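The letters A, B, C and D name the chains in turn, as written, and every chain counts its residues from 1.
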Amino acid sequence: MSESARQTVSTRATPPKRGTRSVWPVICLIAVLLILSAYLLLVVSNVVYLTGIDEASFSSVAQLLKDLRRGIHDILWFFTSGRMSSRFWLTVKTASISTMLSLLVGIPAGYALSRFRFPWPNLTRTLIDLPVMVPPAAVGVFLFGVMHGWPVKPLCEMIGISFAHNTNGVILVQFVVTVSFCARLMKSSFDGVNPHFEQVSRSLGASLPRTFWKLTLPLAKRGIIASTIVVWARAAAEWEALMLFVGGTEAETDVMPFAVYLDWNGGMMGWVASYSIACILLAVASMAAVRIIAGKSYLW
Amino acid sequence: MNSSNDNTAIGVHNGRATGMRSRAVIFTAIFYFITVMLMLAVCWLFLSNVDQLFPREDTVRTEAMDAWRSDEPTKEFAGGCWRFPSFWRSVNLTVVSATVTTLIAAILGIPAAYALSRYKIPGRAVIDVLFSSVIVLPASSVGLCLVVMFQYGPLHDILDGWGIHVPLSVPGIVVVQLVLSLAMGMSAWRAAFDGVKPRFEHVARSLGASPWRSFRTVTLPSARAGIFAGLILAWTRAAAEFGGVLTFCSTFEQFSPELFSPIIRALHLHKADPLAVNMWAQIEYGNVEYGFAIGFVLVMISALSVYVLHKIGGKGYIW
Amino acid sequence: MLRALSCFLATALMLAATGCGDSGNVMLFHAGVGQRSSLNEIKDVFLARHPNARLNFAYKGSGYFIADLERSREGDLFMPGEEFYFLQAVERGFITDYDPKTDIAAHFMVVIATPRGNPKNIQELEDFAKPGIRVGLGNPKACAIGIWDEKTFRKAGIWEQVKKNQVQSAKCIAETASAIQHREVDASLIWSSTAVLYLRDIEIIPIEPRYRGLVRLPVGVLKFSKHPELARQLKEFMLSEEGSKIFRSHAYVTDPGPLDEQGFCLDGGMASRDDCKWLVQAAKVCKDENIPVNAETCGHLVGEVRRQRATKRAGTR
Amino acid sequence: MIEIRNLGITLGEFHLHDVNLTVHDGEYMVLLGETGVGKTVVIECIVGIYRQNHGSILVDGQDVTALYIEERNMGYVPQDYALFPNLTVYNNIAYGLATRKMPRDAIAAKVEPMMDLLNVSHLRSRLPLNLSGGEMQRTALGRALVTEPRILLLDEPLSALDENTRSELSAELRRIHDAVGGTFLQVCHNFEEASDVADRIAILNAGTVVQTGTIDEILSEPASPFVARFTRTRNILDARAEACSGGCVLALGGEHTLDCSREATGPVTVAIRPEKISILPAGAAISENNCLSGHIVRTRLKPNHAEITIETDRGPTLIAYTPRSAVDGTLTEGSSVCARIAPGDIRVFHKDAT
């Protein structure tokens, strides 16, 4: 054996030809470029549309400059108007409130899901993740059914709260759409904290609640903050369920993504494009913030 | 003396321990309670609407309105939706378009996710942020961007020259669905490839395998669960798409078949709305039971996909 | 960390609490999505006089209302985009005091709309039947324009041919109009009051008088109204001279002249002639920066044109 | 022959500079260094995972720097073996041949003897997930060897194993090397492990190769105090040297002096291997030269020898190894002894050398 092996080594198989360099890496990079350029085209065409520059603008340099100046003026006009800022603040307000409500439920639920045992784990997990995957439009329809059915409707009437066609309804929709998403993200954040820390803390005499407040929460801080931002961004992007459950009232329920749809229906494309750009900026900014705060994390 | 000391020590300890124990029990109980309430609320949201599937006794019916609904009566369970071709056309369109979307997303997204996971691409963090931001982008905004992209500027001129109208068409549905399902799929594929150590590929290549071969024979099988998870996520997102289709494709029931390409006619994709849009449309038409029935179909699709996702243990980045 | 979190949550609860207790004087107005801009102005004027009142809108496609009202039994006023849907509500007993003679707030006029520049050179109804024209139609099950599409083309005797050209089945008037705006279809029928929102981006062609539909827009107080007195005042305001003026400035027709029982013009379009003229004129002025905007060039639509001329992309309120 | 010339690479905080290394055909070379010194990076440069910033890697005189990993034909066994989890043992070993598009029976004809050689034939259809450490290692070896690579690069192949398996497997590695007659370059951080298998050893420190040679050369002539320490020279002492004929005299503190056959002057560092110290009864100091008198402070029995710590009178503490059989009543703790060191067994380094 050793002799034959020795011989095979000396008569080495020729190494693979140099021509076999694969195009695979090139394909991969092309795919990235393709998606990236499509995405940028998507966003840039929106901005260009808002400026109002079209083929006619390229007839002469003077015309182009004139249209550019006009476009910049228009963009400033849209973005500095009270209509924009009121929608923006409405979005910020409703998304913040619903995010906070989501946190109130999501943090304990996330911790419980991460640390406690539940019977029928597959069913439990599916239940928690279901509203994340169900189309928001269906959530809107189902919310319509729940809110107009027994016992919610008589109860609301008794307390004197209305959720139809007003800001409360917006907050409710955003809360319903984001709460399990929030619990999901919080579970991931708490999963990132090694339970050994908690065991050591409790062996040193700290009670479970104290361990949670003083150790687990600070350790999971980055994850929690990042999750909060994502939940906020998701709440601020909600509109399909709004459209099916709340309906649009000026300055009351038309948060920016919804205003995009409403103004779209009113033909006010200038506003549509402006809101849309604002929504994109909001989404990118929140994702960038998350990236800076938390690096990467798993959702599932 | 010694023994009394011991006793107090034990006594104090016991007292503290009981206090701590009760605190721990209360804490645990509260957290359990909140979680169980959340689950019950989810159950309530979906299950309490089962009664919407039954026609209501107190619903006032008028002849004029029922005349409009004549082809889709609502006097039976779930509006009798299963008897209507429009329902099955909807299912067909959703399944076919979501599958086509998922295929395109996979062809584009898997290599892209692999590149982002493995290669040093300048500005990778920025690209990551851009791609993940699609997940929190409102669909209305996406729909508008698509309309502007396809109806204005050079792209429109080129496509118009070829006689292609993307909005208001079946391919338009795929385009809309692609945006979000690509982002969702890539989040899972990124995670899948990040989970496979590059060392496997180095070894494979040191054995003479080309990058493609090492990807195909080593990385891809190892990342199988994640790839499937991404496909499921992408498919479910595509099937659930509503807002984008509404703004970009409007709806196109009742079209004359001559306007469609033979492929689309052969697959019976014309004359239908995607399920999510059809749900809304049926409620607009006043067929509430029918609409809720479609809603339940969508919920069941989602539940199934979430369940399978957990079953195969796929992971996905959210950011 | 703990403190910050509790502060955060406390603020949340406070904000949520303040957001909740305000169902005092809020009225809910179910209105067709096509009436949005005019009703917003009505709301502003009305609320200026009734500072304690508040008014929320639920804009939808007309077909949705019956389903919504059936399930929710909520709301104070009702104004769908067609009398047909209104009569549904009357028939179901949601509105008890409808008087077809007096309760019509305004009329929509059906007009032909084409993309800017009219690339397929649509001039009259018959052009819709030409092969190769991409026609957008409404879905009659969901919205009023769908009903009028069918009525109008049937009267013109070209319904079957037009159906062959259909590429869109819109669920509300706005879908039809924005398809025109973005050149997704070549021609559609839309309301005059919708067309006026798109002056910069579409061409408006009046329909010849015998096929020109004028759509009655009734308004009524719902029987389950929680603020019937206030709602009645708002309805009165909309029916008053002042209300009519606001509607007219949004290109509604307030004086339709004699109509047949289907809603088409009878007098050769004499009464709505001016409305047609100013609509076409306004579309022209809005696109041409060199023409001054005043009552001589745009008639009663001067406000609308001015708003749209402010920016290149329509920024009407 | 694999030659590495002036290889330099910077990876973040980490630098390698001027690494020179020559591996002759059929040689078993071990690259030795402390953890984190960059041994793995050298291996990965040779494999082609990293591209060096400067310098070159020559195979039979031909520069392979521009070649991709798959074109270099280097066998690579990473530390965790990286057995493809989706392939059976047989398919793992056959992988490299399959990529060369060899016919099925030709692959079998190569894989079967290789599996026999490595004693993994009975595992052929098992997946790597449930293999033991040794089985995984042999499979990984087989996978790399069956393609007849120019050189086999082993990255710490034994570090993840327990002590017993390790010594068995190093014998196994040596057996395989001798059986296939290939060229091996192994990386490890343990001198004993290296001495089990290596023909020659290269020692890497502070980003460069500090000494290359056979075990004997390195043991007897360490190039620096670092090498001496690294090769288990337990006695590293400070001293002053004064030149004299045939070498020097070292002053070790107290009244102790030692003759040394190497030339040096001034402050020096002295390295004495523990097994070179012979322990004599206390009185011997007078009759023998190069003797340091003192007493035993500790005696520890090790598997192969006894480690005896001697505190010399007002001088340095020495550690000496003697055969276990030599440990009797006289070598108990506290007893006075003499430590004798032959002049030729003392290595001296200048003070500033490291």
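The rule is short, and it goes like this: contacts are C-beta pairs under 8 Å (C-beta built on N, C-alpha and C of every residue); 3 or more make two chains touch, one makes a residue touch a chain.
Because the structure is predicted, anything quoted here is derived from the model rather than measured.
Here the chain-to-chain distance from chain C to chain D, counted in touching steps, is 2.
Of all chains, the one whose CA centroid is most distant from that of chain D is C.
Ranked by the number of C-beta pairs in contact, the top chain pair here is A-B.
We define each chain's centre as the mean of its Cα atoms; on that basis chain B and chain D are separated by 57 Å. Per-chain Cα centroids separate chain A from chain B by 13 Å. Here the spacing of chain A and chain C, counted between their Cα centres, is 34 Å. Listed for chain D are residues 68, 70, 72-73, 99-100, 147, each touching two or more other chains.
The set of chain B residues that touch two or more partner chains comprises 152, 208, 210-211, 213, 280, 283.
Residue positions of chain A touching 2 or more other chains: 15-16, 20-21, 49, 145, 264, 273. The part of chain A that touches chain B in the complex is made up of residues 15-16, 20-25, 27-32, 34-36, 39-43, 45-46, 48-49, 54, 105, 108-109, 111-113, 116, 118, 122, 124-139, 141-143, 145-146, 149, 176, 179-180, 183, 185, 188, 205, 207-209, 212, 226, 230, 233-234, 236-240, 243-244, 256-258, 260-261, 264, 272-273, 275-276, 279-280, 283-284, 286-288, 290-291, 294, 296-300.
Residues of chain B touching chain A in their complex: 16, 19-20, 23-24, 26-28, 30-32, 34-35, 37-39, 42-46, 48-49, 51-52, 108-109, 111-112, 114-116, 118-119, 121, 125, 127-134, 136-142, 144-146, 148-149, 152-153, 155, 179, 182, 186-188, 191, 194, 208, 210-213, 215, 229, 236, 240-243, 247, 276, 279-280, 283, 291-292, 295, 298-299, 302-303, 305-307, 309-311, 314-319. Within the complex formed with chain C, the chain B residues making contact are 56, 59-60, 62, 64-65, 68-69, 147, 151-152, 156, 165, 167-168, 250-256, 258-259, 280-281, 283-286, 288.
Interface residues of chain B, counted against chain D in their complex, comprise 197, 199-200, 202-211, 213-214, 217-218, 221-222, 224.
Interface residues of chain C facing chain B in the complex, by the touch rule stated above, are 60-61, 63-64, 66-67, 70-71, 84, 87-88, 91-93, 134, 136-137, 139-142, 163-171, 175, 179, 182-185.
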